[in-house]
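Below: a set of structures, written as structure tokens.
What follows is subunit A paired twice: with subunit B in the first complex and subunit C in the second.
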Partner chain A sequence: MAIEVSIPTILRQYTSGEKTVAGKGATLAELLSDLDLRHPGLAGRIVDDGGLKRFVNVYINDEDVRFLGGLETPLADGDSVTVLPAVAGG
Partner chain B sequence: MLRIGKAIYDAIIAHARADHPDEACGVVAGPLGSDRPVRFIPMTNAERSPTFYRFDSLEQLKVWREMDAKDEQPVVIYHSHTATEAYPSRTDISYASEPGAHYVLVATRHPDDAEVRSFRIVDGEVSEEEVVVVGSAE
Partner chain C sequence: MRFDSLLDSLGRTPLVGLPRLAPSPDVRLWAKLEDRNPTGSIKDRPALWMIERAEKEGLLSPGCTILEPTSGNTGISLAMAARLRGYRLVCVMPENTSIERRQLLEMWGAKIISSPAAGGSNEAVAVAKRLAAEHPDWVMLYQYGNPANAAAHYESTGPEILEDLPTITHFVAGLGTTGTLMGVGRFLRERVPSVQIVAAEPRYGDLVYGLRNLDEGFVPELYDESVLTTRYSVGPREALRRTRELLDREGIFAGISTGAVLHAALGVAERCVAARQRADICLVVADAGWKYLSTGAYTGTLDEAAHRLEGQLWA
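After this line comes the complex of A and B, so read on.
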């Protein structure tokens, strides 16, 4: 099972500069744990104790996971995941 | 230093004025590594708030994908402050996530006078820079 994950510029420090990495998992939560094994610290920029970090957008096949199942959204082989830090401020 | 063409500079101010009293926000894209802001992309403020802005997540994905396809990057990320000065707030600093971008602030509190300032925000550090508007000599 292979899922392609697009990594935003600010998180490429965890992926040796790679803009896409591959991972696996039956859910988004499992995928993030899997990625964190090879890219320590990456998951901690996307989730915290409360779940998905509020100002990080995660998309599965171009849909915002907030409108799917959040961390429990199921994944299938060939799905593509994109991470983008929210652009926000006050 | 931020070098920006007058047409885009004026478009940023016009957008900020149009959305006042809500904060306006957007991007100016340019070719990767060029530091030239050439493609003006006003964004929807999904918060529709006078004190907060956030790009709509699906709109942001579309725009980021487009920039990727065109070998562009966000050269300028702009937003307006409707009641305070054109200086990054603590929130602006903590959420700044494009280290290569020029963060442009427009203050719209005075109807006759827009204050425009530009900053780099890297690892939580803010440094102001000069804004040079090109093509403004009439």
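After this line comes the complex of A and C, so read on.
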């Protein structure tokens, strides 16, 4: 079992153009490290030393991880993770 | 109800129960019908508040030109108010918005400058900022950073909701400029200590997120994460499904963003039932469905309708 991760257009250069990739990990941080092994550079576009980058949003099962546990949010097999750039509305 | 003019009739919108969608008698849903405002959307509130604030500060006087980046509703509200107060309005609007929004803006006399579809509202904001620099005499009200936007909801939407629903436990609204959630959220938190403030954010197709560098993303200046309890991303298929459900089950003809809000509200309601908690959940119907008829949101299968929304700014 794995966790499906949806990748935004802007980051698909790291995933050979794939829209979704699979990874594993008990937390979001572990998942990103796992992804970075097969897609070097990807994690560095999503996080920096201070945690999640300001203009990147990550959702676990459609809920914003900033309101869950951030990078330490636990993950389970079958969860879906979505990465998106922050956009305006209104 | 009698008013001296259209602008005076703003607000005091109905709060209606959704007994057929509520999952149990103890977990109730209430819809704040913001389509019952002068131009048919919640944006009439921030538009009027921003104009009046600018007038008080001496930034606006008759004959002035107002500039605003908008995907539609704020522009329509500003266009109506500008016409009544004697201002010109220039709207920067992404080209991937529904034709009805353009028609309404032109009807009220606004000039529309289109921004590229790719990048959505982020691009409209960027184009408007460039235009503002080129035309220092134009007044950009800038809904994303104007405190009067959130103040409109702190001073009107929030108090109306609490007066009609003193037992409120959850407030759910769409996240765009963040003005509604910040204003109503702060007002309710000061008075209902345990209240939960839930954001429903539309998730668009790839095109809307553009190809810009991730470091150039956009977070509205008004946004303060600490006001929210949580935030959900809702895709077009779920938004459409709930928009239709609201029509079928409760008879309410709402815009597509309301479907996203209802989806988040029903998720909250289910969790309350599972936790055996009493709940009075208030959700915002930001506008009615009229402006979205041309998108085909209400006809054909969900898959067909979702496909037609691909690449569109549907909220």
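The rule is simple: the second predicted complex is superposed on the first by the 86 of 90 C-alpha atoms of A that agree within 3 Å, B and C clash if a C-alpha of one lies under 4 Å from a C-alpha of the other, contacts with A are read in each partner's own complex, and residues count from 1 in each chain.
Throughout what follows, a residue touches a chain if its C-beta (ideal position, glycine included) is under 8 Å from a C-beta of that chain, and two chains touch if they have at least 3 such contacts.
It should be emphasised that the depicted structure is a prediction, and the values quoted were computed from it without experimental measurement.
In the superposition on chain A, contact of A:45 is made with subunit C only, not with subunit B. In the superposition on chain A, A:82 makes contact with both subunit B and subunit C.
When the shared chain is aligned, subunit B and subunit C each come close enough to touch A:55. Of the two partner chains placed by the overlay, subunit B and subunit C both lie in contact with A:8.
Touching more residues of subunit A than its counterpart among subunit B and subunit C is C. In the overlay built on the shared chain, the residue A:17 is in contact with neither subunit B nor subunit C. Touched by subunit B in one complex and by subunit C in the other are residues 8-10, 55, 57, 59, 62, 64, 66, 82, 84-90 of subunit A. Residues 43, 69-71, 73-74, 120-122, 124-125, 143-144, 174-177, 179, 201-204, 206, 208-220, 225, 228-234, 315 of subunit C touch subunit A in their complex. In the complex of the two chains, the subunit B residues touching subunit A come out as 23, 25, 27, 43, 47, 51-55, 57-58, 60-61, 64, 77, 79, 88-89, 91-92, 95-100. Across the complex, subunit A meets subunit B through its residues 8-10, 55, 57, 59, 62, 64, 66, 82, 84-90. Subunit A makes touch with subunit C in their complex at residues 8-11, 45, 53-57, 59, 62-64, 66-68, 82, 84-90.
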